[in-house]
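Quick heads-up: structures coming right below.
In what follows, chain A forms one complex with chain B and a second complex with chain C.
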Partner chain A sequence: MLLKSVLEEVKKSDSAQNNILVVHLNGLLQTDDRLALHEITRQLHLENTVGDMVFGSFAENLQFLLEALRSGDETSKPVIFILEEFDLFAQHRGQALLYNLFDVSQSAQTPICVVGITCRLDVTELLEKRVRSRFSHRQLHLFNNISFMDYVALCISYLSLRDFPDQDFASRWNKNIKEVVESATVRDVLNRQFTLSKDVRGLLMLLTPVICDLSLAHPSITASDFVESFKSLSTDSKSSMLHGLSILELCLIIAMKHLTDIYQEEPFNFEMVYSEYLKFAQQHASVQVFDKAVVLKAFEHLVALELIRPMDSRTIRIQKEYRLMTLLLHPAQILDTLQKYPNCPTDIKHWAASSFT
Partner chain B sequence: LLSRATPRIPRRSGHLTSPETALEKARTRLHVAAVPDSLPCREKEFEDIYSFVESKVLDKTGGCMYISGVPGTGKTATVREVIRALQQASDSGHLAKFTFIEVNGMQLTEPRQAYVRILKELTGQKATANHACELLDKMFCSPKGPRRDTIVLLVDELDLLWTHKQDVMYNIFDWPSKTRAQLVVLAVANTMDLPERIMMKRVSSRLGLTRMTFHPYNFRQLEQIVLSRMTGLKIFDSDAVQLAARKVAAVSGDARRVLDICRRATEIAEANTSSKLVHITHVDAALKEMFSSSKILAIQNLSTQEQLFMRAIVAEFQHSGLEEAEFSKLYTQHLTLCRFEGVPPPSASELNAICWRLASSRLLLVEEGRLDLQMRVRLNVSSSDVMCALKEE
Partner chain C sequence: MASAESSGSASSRYMGNDEDLMTEIHKKILCRDRQIRMLLSFFGERKHKTPSSIFIYGHTATGKTYIITTLMHILQLPNVFSNCIECSSSRYLFEHILNSLPAGAANGENNDKRISCDNMNDFVRLLKLEVGRRQLLDETIYIVLDKAERMREMEFNIIPAFLRLQELTGLNICTVMLSEIVWEKFRVGTGFCEPFPLHIPDYTQDELARIMMLDCPGGWSTETYGNYVSLFLSVFYQICRDLRELRHMALLNFPKYTEPIKKGEATEKDSRKLWRNIEPHLKKALQTVYLREVSSAQWEKMQNMSNEENEARKSHIDVCSTRSYLELPFYPKYLLIAAYIASYNPVISDRRFFSKKASRISKRSKLIKKHERASNHLLGPKPFPLDRLLAIFYSIVEDKISPSAIIFSQISSLVSLQLLGQMCADGQIDAVRYKCLVSLDMIRSVARTVGFDIMKYLYDFV
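Coming up: the complex of A and B.
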């Protein structure tokens, strides 16, 4: 975003407009030096390209590019290399591309400028020492140090209309936006989102459903839209998965929770879960006692949902009743779900809360 | 088509503006690319290499020399300067003519491409790696053939020419020992003990014992380097240069770094004040920019929940005494902290998203894969740094 606006700003000046070659590379697309080299030659329109095809082998391409860069001096067009996902370029074999780019930038050849973009803070530690020596160690950290007031102002500016043909509607809309965002409920929602993460993309994710809900019947944004949107963003995926389980599967989950509690994170197998389940079910009349085969089926269903995970990935050797499993649910998640589960028998709730059977 | 193509970057339209102010002049001179005609503080090394190559050229024999030193100590620049001086001598007739070839290991896609490079530089013809090797062998080893000029071969980044059979290195060091070859090889690499460490006996024996080490610059030398580039310009406070030199000498002794810092300092001086002199404060600002770790600042700019998560991690580490914790434990710890602070707790999915976000900026190190609650989390900063960063508020 910043880089784009800078490039646009630079290109506005006349002398720069026809005088800059920009090469965009992305670490996710150019996964090795050969692909990156092809891309550079293609974007620079060097002479060994015909149309969009690049000729010659990898070695020839490298020599060609280096000679092209070496032949240039102060009078040739400056080239700006933009390397997105820079940390992935550091994982190329030998970091040859980075070495050569930095080397050209540090010697009297074609004037080039290498701009790397990455999310990793320790990216210079990834560089080999001779590459690091050539790197100019200029870093620009873009930290998100906006305050909550800025965040609210940002939210308003994202939602309000500018340069809209219908002036009347625009002013009404903007007024409405201001009122809604200033209201206490929306403030609260924004504050929750702000404490979770400060980044603007999170804010946009929150605002998108709000905008999408607009229709002729519902022409203006209300505070409840924000609440709904935040609720859908912040729901725990596992808890909502638990809501879709049957009573039997829920019982198994609770049994597993007790097993992990009692044996302190030791793994369990199906037989242990089944006996724990039987102990509970036989004492309480309200709970139906199922056959072992049915319970096993429910158990496998849980495995398929990845709510429980086998300890080792070898599947064939051991019978499935005796495979060691671990529970991938936090006790807080289980208790939370049981509170909201529709028509949950009281016995089960009790059993979940206490470890006694 | 390829043979006719000439590699070239398009010319720029319009002229470059030449540097106007003193600061701009200083900046062009401080650029790493602006190598001076004679390198300060490398006179002895220059003499040694010069006399070595000169004697070989005069005697029309061959030989090897191994040059090592950490990056940024002027190895390649010195060798190039020697070659330039020798070429001047041969132009004025004091010395026999010789050919200079340069091969850089980093600029080759694989070690055997070195043959192709050398052949192309010598004769201009193109061949595959195997064929080039045969042709070069014939050229250097056959007893007959016209007498040629001596060839000086500079092999930069030698360690990258390592192959499993080490045939490339073997050939490059073997050719000078042939009587007809008249080849002088100057091998440049970073580590001092490279021949002993990765070369086979028969390769390192051919390399011989003519070795030279470039020591890292000390602060006096670094200061002299900067000042020599600044002759005639009154730009730098003498203390400012000394600070930069001392700081770099303490860490690496890399000349590139000191030049970068001084360049940055001129930029800061230009942006901040209208003064024509670069003061010690400007250099200090540049040093802070380039050397300081950004992690503490990054932690201070995290959102509240993210900071809380960092604290949860530190608390869990102190509780368990280990430097590693499972995500489920951290979640429990985080919930307790939330209750303690009176903020609404995040759901597990949200906390997971927080954890991954911190991991992508490498404040945390987490296990790959779909381990979920059993994912093990480590700090990538020391826990005292975390506490220090969070306490300042």
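Coming up: the complex of A and C.
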């Protein structure tokens, strides 16, 4: 965002308009140096490119590009390299691309500027020594230190209309926005979102469903829209997945919870879970006792949902029943789900709450 | 231009104005009103920007794929549907998406050149080109990725790049990911753009019944089938909520339910009689067909047969997974038994069982055993060295046999049959340890065929 606006600003001046070349690279797209090099040649429209095809091998390409860059001096066109996801570029083999770019920028050749964008604070630690020594160590931290009042103001400014053709509607709209955002419920929602994370994208995520819900039948924003949107964003996804399990699977989960409680985070296998389940099911009439094979099928469903995870990835060496597993749920999540579970038998609730049958 | 007109009218239509489309959607998709409303509000009109990615999660058979495909079909949105199991590598995925982009308004010239593409960089570049060529620039393109959990097995950059595809290409693209796994398990590394999560909840029992009513077979009133479905759910709902499985099972067992009516023993109103008839049958189905031990076709055949006279024979038909039956030569049977004993007995007990001068078990050692935490049959097999296997083998086989090459090759063939598991310590050929991978039922039946009482030799059961 910042970089984009700066580039726009720079391009406005006449002298810069024709004399600056910008090369955009992204660590997600250019995953190795060869691809990055092709992309640079393509974006610079160098002579040996015809259309979008690049000729020549990697070595030739690099050599050519370096020569082209070295041959220039202060008078030639400056190039701005923008490297998004900079930390991913630092994971290339040998960091050859970074080394060469920094090298050119250090020596008096073509004037180039390398701008790296990353979200890792320790990104300079990733660089090799020879690369780091060529790096100018100028860093611009964009920390998000806005206060809650700024956050609310930001929210209002995002929602308000400016330069809208229908002035009358725009002013009515803006007034409504102000009223809604100032109201206590929306304040509360915003505050909760703010304490979760301060970043603006989180705010936008919150606002998008609110805006999307507008229609002819529902022309203005209300406070309940905010509440609804926040609720859908902040639901605990694992609990909601637990809600869809069958009674038998839920019983297994509770048995696993007891096992991890009793043996202090030791991994368990299916046989232990099954014997724990049997201990419970045979005492209580409300629970039907199922065959081992049926229970095993339920167990495998839980594995497929990744609610439990095998300890080791070796699958073939051991029978399914004896593979060691760990439970990936918090006890609070389980108890929480049981409260909301429709038609949950009371014995099961008691069993979950007490650690011994 | 006709096509432009139609797309224009469609775009003005579906903001909830056109009742026809909405009713069509609601007729096709039951019990999902809230989710549909949310998705439609995200989609907006064709020219509008859509959120760059939506992540839809929910259980198996809650209609994730169905909702998306039906919506896309009814609203005629330009979309690419790709299944990440079919597109097993990123290359297939890219090529599938590029080659099956909808034709859009570009009519006529269709040069069927396959586009090939093997990395993300080319994909983004070609996608821009293709979309421009097909004149889809002013519409939202939806890329639907079904079974998105498989994408985690591809390169590290695939998921983050697909999430911010809108930003990377500068096109109006929306990535819709469908998965059973929750979103928290997708996050890796840096540079992640969070998608909008949308949870598809499970169906309640009533909703399941309502949907299952749809495939009421002809010739029966919906009331009869409704009664049947509620009976059926009362048995199956406890262990299974998978709609697809439930529907399959319900249809399979319906003929049995209607049998008394056909014979004239009961009327359609006589629900108790029907229930008594069907209940044991359903319970049996739970144990056989649900686990796929008997294929559905076999099950149907069995039902037809029971219509005639041999009710008794029904249960004797061999189920296809004969769980505990194994045909082996004589010595390998003993080897397997020895391996089982070695896996499930602790080393210290060997002396007691197999020594010539076996002392009687004192009361004290019995007491000690009681205090042990869990039996070995709970913890699984333990590894053992080859020497111990052979020692036990010689002591349980009565006749004299020499350690010939055949015996050793039989051990390795047991390993290749996966009856034994082999674990090398660190690549040393003389330090191989084995585990027995056979269940107790199976080893008992093997022992019975050679007339060997294995229960006497197992530490847990003495």
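In the analysis below, the second predicted complex is superposed on the first by the 357 of 357 C-alpha atoms of A that agree within 3 Å, B and C clash if a C-alpha of one lies under 4 Å from a C-alpha of the other, contacts with A are read in each partner's own complex, and residues count from 1 in each chain.
Here is the rule we use: a contact is a pair of C-beta atoms (placed from the backbone, for glycine too) under 8 Å apart; a residue touches a chain by one contact, two chains touch by 3 or more.
All figures in this text were calculated on a predicted structure; none of them were measured in a lab.
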Touching partner for A:A68 - first (chain B), second (chain C), both, neither: first
Touching partner for A:Y322 - first (chain B), second (chain C), both, neither: second
Touching partner for A:Q333 - first (chain B), second (chain C), both, neither: first
Contacts of A:R192 with chain B and chain C, given as first, second, both or neither: first
Chain B versus chain C as contact partner of A:N145, first or second or both or neither: first
Partner chain(s) touched by A:K279 [first = chain B, second = chain C, both, neither]: neither
Which of chain B and chain C A:R120 touches, first, second, both or neither: both
First (chain B), second (chain C), both or neither touched by A:P342: second
Which superposed partner A:R172 touches (first chain B, second chain C, both, neither): neither
Per-residue contact with chain A, leading partner among chain C and chain B: B
Those residues of chain A which chain B touches in one complex and chain C touches in the other: 119-120, 235, 237-238, 306
Complex contacts: residues of chain A adjacent to chain B: 15, 18-19, 21, 33, 44, 46-48, 50, 55-56, 58-60, 62-69, 71-72, 74-79, 94, 96, 99-100, 103, 106-110, 119-122, 129-130, 132-134, 136-139, 141, 143-145, 192, 194-198, 234-239, 306, 309, 326, 328-330, 332-333
Interface residues, chain C side, partner chain A - complex: 15-17, 38, 41-42, 44, 51, 57-59, 62, 119-121, 124-125, 155, 157, 160-161, 164, 168, 180-185, 190-191, 193-194, 196-199, 201-202, 204-205, 237-241, 286-287, 290-291, 293, 374, 377-381, 418, 421, 423, 435, 437, 439
Of all residues in chain A, those that touch chain C in their complex: 26-31, 35, 38-39, 52, 85, 87-88, 118-120, 201, 205, 208-209, 212-213, 215-217, 232-233, 235, 237-238, 240-241, 243-248, 269, 271-272, 275, 288, 290-291, 293-294, 297-298, 304-306, 316-319, 321-322, 342-343
Chain A contact footprint on chain B (complex, rising order): 1-2, 5-14, 16, 32-35, 70-72, 106-110, 113, 116-117, 157, 160, 190, 252, 254, 256-257, 260, 264, 289-290, 294-295, 297-298, 301-306, 328, 331-332, 335, 343-344, 346-350, 353-354, 357, 360-363, 370-374, 380
